[in-house]
Amino acid sequence: MTTKARVELDRVTIRFAGDSGDGMQLTGTQFTNTSAVVGNDLATFPDFPAEIRAPAGTIPGVSSFQVQIGEIDIHTPGDEPDVLVVMNPAALKANLHTLPKGGTIVADISSFTKNNLKKAGYDSNPLEDESLAGFHVIEVDITKLTLNALEELDLDNKSKTRCKNFCALGMMYWMYNRPVEPSNEWIERKFARKPILVEANKLAMMAGYNYANTTDLIPRSFEIKPAEIAPGTYRSIAGNQALAYGLIAGSKMAGLPLFLGTYPITPASDILHELSKYKEFGVITFQAEDEIAAVCAAIGSSYGGGLAVTSTSGPGMALKAEAIGLAVKTELPLVIVNVQRAGPSTGMPTKTEQSDLLQSMYGRNGESPLCILACSRPTDCFDTAMEAVRIALTFMTPVILLSDGYIANGSGPWQLPDPESFAPIQIQRPTDPSEFKPYQRNEDTLARPWAIPGMPGFEHRIGGLEGQQGTGNVSYDPLNHEKMSHTREAKIQGIANFIPEQEVFGPESGDVLVLSWGGTYGSVFSAVNKAQKEGKSVAHAHVRYINPLPRNLESILKNYKRILVPELNMGQLSRIIQSTYGIEVEPFNKIQGQPFKIRELTDAIDALLA
Amino acid sequence: MTTKARVELDRVTIRFAGDSGDGMQLTGTQFTNTSAVVGNDLATFPDFPAEIRAPAGTIPGVSSFQVQIGEIDIHTPGDEPDVLVVMNPAALKANLHTLPKGGTIVADISSFTKNNLKKAGYDSNPLEDESLAGFHVIEVDITKLTLNALEELDLDNKSKTRCKNFCALGMMYWMYNRPVEPSNEWIERKFARKPILVEANKLAMMAGYNYANTTDLIPRSFEIKPAEIAPGTYRSIAGNQALAYGLIAGSKMAGLPLFLGTYPITPASDILHELSKYKEFGVITFQAEDEIAAVCAAIGSSYGGGLAVTSTSGPGMALKAEAIGLAVKTELPLVIVNVQRAGPSTGMPTKTEQSDLLQSMYGRNGESPLCILACSRPTDCFDTAMEAVRIALTFMTPVILLSDGYIANGSGPWQLPDPESFAPIQIQRPTDPSEFKPYQRNEDTLARPWAIPGMPGFEHRIGGLEGQQGTGNVSYDPLNHEKMSHTREAKIQGIANFIPEQEVFGPESGDVLVLSWGGTYGSVFSAVNKAQKEGKSVAHAHVRYINPLPRNLESILKNYKRILVPELNMGQLSRIIQSTYGIEVEPFNKIQGQPFKIRELTDAIDALLA
Amino acid sequence: MSETTTLTKKDFKSDQDVRWCPGCGDYAILNAVQATLPELGIPKEKFAIISGIGCSSRFPYYMDTYGFHTIHGRAAAFATGLKLTNPGLSVWMISGDGDSLSIGGNHFIHLIRRNVDLNLLLFNNEIYGLTKGQYSPTSQEGIITKSTPYGSVDRNFSASSLAMGAESSFFARAIDTDPKYLQEVLVRAAAHKGTSVVEILQNCVIFNDKAHGWTTERSTQDDHQLRLEHGKPMIFGADKNKGIRLNGLKLEVVTLGEDGITEADLLVHDETDENIAYFLTKMQAPEFPTPLGVFRAVEAPVYNEQVHAQIEAIREKKGEGSLQKLLFSGDTWEVKGESNA
Amino acid sequence: MSETTTLTKKDFKSDQDVRWCPGCGDYAILNAVQATLPELGIPKEKFAIISGIGCSSRFPYYMDTYGFHTIHGRAAAFATGLKLTNPGLSVWMISGDGDSLSIGGNHFIHLIRRNVDLNLLLFNNEIYGLTKGQYSPTSQEGIITKSTPYGSVDRNFSASSLAMGAESSFFARAIDTDPKYLQEVLVRAAAHKGTSVVEILQNCVIFNDKAHGWTTERSTQDDHQLRLEHGKPMIFGADKNKGIRLNGLKLEVVTLGEDGITEADLLVHDETDENIAYFLTKMQAPEFPTPLGVFRAVEAPVYNEQVHAQIEAIREKKGEGSLQKLLFSGDTWEVKGESNA
């Protein structure tokens, strides 16, 4: 169809930026899904403004969506975009610094009005002055294009203008040689009830597509071949959604009804939104009056025999601390999801961080050990959530499942597992009332039996006061307290015997081991990968299990000259490693509410090697 | 007056034990105060049953009070009693294990009835079977003695019997050659309104005194000479009371009204009870609806210019975490008192522990640094509380002040300081509205200025969202967040430049340094003292400042072959030291809800030296 | 269920010795509950007793049923989660005035708002007992306690008024000194669908002795108590000659016989009239007798039933959820085997 | 205070640009407050605005006064501590229906119980705005929100009823669509000594648009709003011909003129009658119009005044506290200089 040159690329990063009202998240998602359908590997990074919708046209109102697609393995949304699509001056101002010189800017000139320039804080029009020198600027009157295309339609101008994001999408589809069909189908589903909008958005998209094809402003298009991806069925999924699915899968495998006790909070709320959709699974979502009621209701559910979960973010986590301590003492299964955000206090709710790790370890009164797991990627949220359920039920313990705003909102292609392949999760139900003691432990797991109200003959009492070994009766006996304290700790540390050994990507010994956890996986993996390709002696260990740590981790750490621990905090895993193994590590910390760039990590690795 | 032999001792430990209703705490306190008046050094350990008064005569109902008095320096209530006074069988059963063979038992035989023996779980009467072989048992019918002495009085038997604790006290007074006058005076003050009770209790006391003097059961009395104590005016004071006084002194020195926002909880409630007595100091005690409201009201008071304090114990501390994070972010002065008790969860509320240290360090979401101090002795609670106030106001920061149930309820002789000698505490008030910025920091302390509502021209807004350097305006700028995070940390660590260097008791270098903190001071000091007397190369460093640690601590630690860190937890300071300095230490942990015995520490030291 | 009909009081006594101060009102309440439960025809294993923290909250340890002694103030939330997950249970929540009206106030009003089907026994001794005697939100103003040596200046509020504010579907009041009457009230509470709040005026002999003395004092109790009976005029007094009359929007105490006042003039109690219940909450001693019995018992949607009804309705429509369907929903795409070189 | 009389609306605008969604009801409320404060004759530095978390709670940033944007649900506690320590301030608390009635419910009722002298502006949009649209305790049952895709089964309650349950001394209601009237109410709130609760029906255009449409819709508002006036009969309607009548213990809407009903038959509003306020809280659309204005304004002990009065009384008696006296109180003893060898 096109007569223009087509250039092959192995990867490209595009950032869509506009006003919160411009639908950039949607545009980015469409581009992402279509690219997935054509077989590219990819990763995305939606970047929201602060919660409240700021006045249109202002910097705080800018919302952006970055996606990297490739023929090669893609593990991050890309350090910096190759193409920046901006729907207004504020979007340009807020995002220009992310674009390297030589990068391409696609700008909707119709929005570069005096008024909008002023709102964005521009004294003069950057499209006219020299400030964009060194960039390749493609000026398009996207609004006009759209309005013209929709001229015939009997629709008010406002609604017409709203279609301009699809016009922009159409242009990108042509530039990167993507089919329009997937989006067409989506539009048809989405606006099934409003045929006029189906037509409008399709027309707008084609207008952009054709304009890109014909105009000289865009000299060539690009081709990104499908990536070498394991065959199978795929879908793209965001971290919070995957996490919710993992919990549902866990409840199915355990044969227990899922109970979510929660209170909305950014960036964890989507887990509530998602789970509230699946009542056919018997999922109960309890939106409590606050986080304390949320976790207490969950513990009540657990006491009653449910698969109990509570989800929150940092400040809510703080509020749950006392109740979590009760779950530790009463040894009830509970999954506590903390989708971390930038702190301290309210901090920057829409920005990502890894600074609740030590709170998870120590944020309770008394010696109060529990299990801690961390998700590494949007799709990994599914597996790790299921693992959290398994551990909670197998060991009768609360499990803190750490995610973060970056992977919670980010998404990636997910090779769908076969549910038949999931292992069932066993519950420890006591069988003989005459033998039953609430704290009589399983020798291997040290888990106590789980008798729930309604089981005849197993009536018993539990509570937050220290309890006697075996019976659990209230006891102030000094030696019993010491014994119980050590047993609680031993039970958690003993989990290490049941979890997989830590895997290392790269040489078994060498100059540098990069030790990471949580949402930084993609960037760290990519940086290490790059270093290895450059022949450097660098390995990568990414821990999913933080308490207990994998049983072989200590010996792994001893196989490298230096241990680099990159974290989006001020060195929390570093502290744990040092105090646990007495091994010195090199913390590499970033605390900006933003994920690591691969380059930042590459530099850190090189600095250590130097 | 007495014709019997008198033996000189340099120290003796007596434990009074009886039913909660028998007034053993009072008896012990009387013996303590009188011993103080005659110039002995001393230390006490009241040991309460669980909160609720258990049925009379049962083991859980037993309450005891141990006091060690001496001519020599006394730093602990003594590992084990020399004399055990028991008012009933349950008291004997509950305390016999604390008495070493050869020890003396004074028992009120009238209470050794079938019924009471059964309640205590004795099948046969220990006074009659062989079970007390190896002890020196003095059987006295204290009840009868008392009733006879009060025969004349027109008082019901129940009230008469209640005087038997003074009868027992009288016996001890004679045995240890103490004057009865101080208690007589106390009785007169106490019962001023009920002359009959004045007479009754005095008579009972004299009856015991004379009985001891005349009966052959007690062959000799003992003399403990006054200790070499610095001259001055003394009083005996419990930790919680001293802490309350320290806060009042701090408010006086700062010239700010004291505001306590709190919610009752064992063992911290006495701070509320104490402070609510001193309205003439303008102290406001706000008993809030819960711990969250308590700390928030305190922060509100601080925002309004008050000297704000909140007091609690472990579970309440957990509830305050979120709000404390706000105080960290808004950099408002606040003293948070945590009188630690045995955890996790509700744990053993009346028992002591040091297990909230890591919660204090890390128990908040995000990177949320603050200052942490710990009290070492009942009287030290006064000084450390004043120091907490000084730091909070000088550095505009929350300060966590750690105490524990052991020193909170324990008491010791306090050499009263001269209030004239207290240094005034300076407040940072901005003076020039045109120059004012809420986060414009003092170069030395990094503290922000403290402008309070009511000051014309300084109107400004603060909150929990990340704020811009200087202005404090809400900012999501990545680099600003990083800068502010580091500044908050730097401010706290910078306090190390303003606090005294760590002192060491003993050789400047050597085989073992015992590093301790908090309420274990007395036992650790005594154990180290003993080791030194035995010529062992052992030193003692007891830290009051835990965050930041003293600037010279690292170099001190490097001067010893081994570092022993004894704690009443599972190794929390040990973890901090290892993760901060990468220096390996030897944790020595006890988690029984009970203080260290000197012997336990001595053994631990010797084990390291071996 | 044959095994349940044979249950006796003894079956509900646990092996733990009861530990309250001698003379504490809690003993009588424990007895009343142990006497009531066997009468309900519910199998023993279906009872769950959930408490917070306080002297009263030690209650579950003394009952040989399933029991959970949780944390301070949060029992309502635990009980809600329990009932939602295990709806077949008969859930009894035990709490004190501090536990439910101070730290637990929020959960108290939201429990009542949602109308979760359980029974809340509120032991109101107008003091914090377990922590050895600080005033509570129900303590009389001016009260001298450990934390108010000069007298409290805190305005108090009442459980009944607060419960009505949260639109309680069942509220009743009883006293520890009349266990028989308490048992009757407990039976009513158990029968009600929704959150049944039973305020029990309980005496703390150690830290707030006789706080309810005006109401419970034997010699004057008939004149100081109004025993509510549905459909009956509000009459009280040793001589059954005093009554409550509505005068415009105000209640007043009148004497039958005096200036022609007859029973016909008296307010007739109607548990189903939410407004009458409101007025009962305003009756304060010494002007008015203390109302005892069921203030209000009205039908209202029951949260746990609604939750399960919604789930069932959706299961009806969609059938039991399938993981396969769930995972493979949304936009999926196939990646074929052969490489794309 | 001359400098204050010259204050204007502009003096209360901060330099931060206001960030709410275009069309949000919060703008009108901000305007009304900025227009009201200068009228109160209080120096600017004496205003302190304390908020929790929520869209509404961003309010302090836009006021050029002292302001504290605290944490979710706890503003009442911060404000209480502030007022106790700094009683000369005019404290305004800003909060949302989630902030004050969900997570902050306990502090809400205890603030009202204590009757701390401050003004609480409750922005009730019946939704969690800031977190992008989950239902709140005031949301209509059945509402479809992000967290209730199949409709909410949570019973809701009302701020007014809850406030009455906690024995509120001042409660008023206003709407964002009538700023003038809102200003009148704000002036009344400011004048009241004690906790003045002003519920403002506010529209969240994005997540719960027109939640109050029935009340605020221009074309029908006269028939759907009852503007309360102290001492005046309760009349409403476009033709001023509808009224509220008390029938036994029930309210009913009547039409003047019809079957001989005159103004004399109508209920006369009395702010000082706590019972009338109660009935107003029970008036639900569509049966009844929405009452607006001051429900209740009664005298009650003010906590912060009582606290300071007690302190002053004791200072009177004992004089200002002396450290010397304090430390040296109790049993002291002297240790003499010479050793005891």
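Order of writing sets the chain letters: A, B, C and D. Residues in each chain are counted from 1.
Please note the rule applied: a residue touches a chain if its C-beta (ideal position, glycine included) is under 8 Å from a C-beta of that chain, and two chains touch if they have at least 3 such contacts.
Please read these numbers as outputs of a predicted model, since none were measured by experiment.
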item: Pair joined by more contacting C-beta pairs (A-D or A-C); value: A-C
item: Farthest chain (mean CA position) relative to chain D; value: B
item: Distance from the mean Cα position of chain D to that of chain C, given in whole angstrom; value: 29
item: Between chain D and chain A, distance of the C-alpha-averaged centres to the nearest whole Å; value: 39
item: Separation of mean Cα positions, chain C and chain A [Å, integer]; value: 44
item: Cα-centroid distance, chain A relative to chain B, in whole angstrom; value: 47
item: Set of chain D residues in contact with two or more other chains; value: 53, 71, 102-103, 105-106, 110, 137, 150, 154, 307, 310, 314
item: Residues of chain A engaged with two or more neighbouring chains; value: 50, 60, 279, 289-290, 292, 315, 322, 326, 330, 345-346, 463-465, 474
item: Contact footprint of chain B on chain C as seen in their complex; value: 17-22, 53, 55, 58, 71-73, 102-103, 105, 128-132, 134-135, 137, 146-150, 154, 206
item: Residues of chain B that touch chain D when the two form their complex; value: 33, 36-37, 39, 182, 186, 225-226, 228-237, 245, 248-249, 252, 257, 259, 261, 278-282, 284, 286, 288-290, 292-294, 296-306, 308, 322-323, 326, 330, 415-417, 419, 422, 452-465, 473-474
item: Interface residues, chain D side, partner chain B - complex; value: 14, 16, 43-48, 50, 53, 60-61, 63-71, 74, 76-86, 88-89, 106-107, 110, 307, 310-311, 314-315, 318-321, 323-324, 326-328, 330-337, 339-340
item: Residues of chain A that touch chain D when the two form their complex; value: 50-56, 58, 60, 263-266, 269, 272-273, 276-277, 279, 285, 287, 289-291, 315, 345-346
item: Residues of chain A defined as touching chain B within the complex; value: 50, 60, 292, 313-315, 317-319, 321-322, 325-326, 328-330, 342-348, 350-351, 353, 355-356, 358-359, 361-368, 463-466, 474, 476, 478-479, 481-482, 485-486, 488-489, 569-570, 574-576, 578-579, 582, 584, 590-594
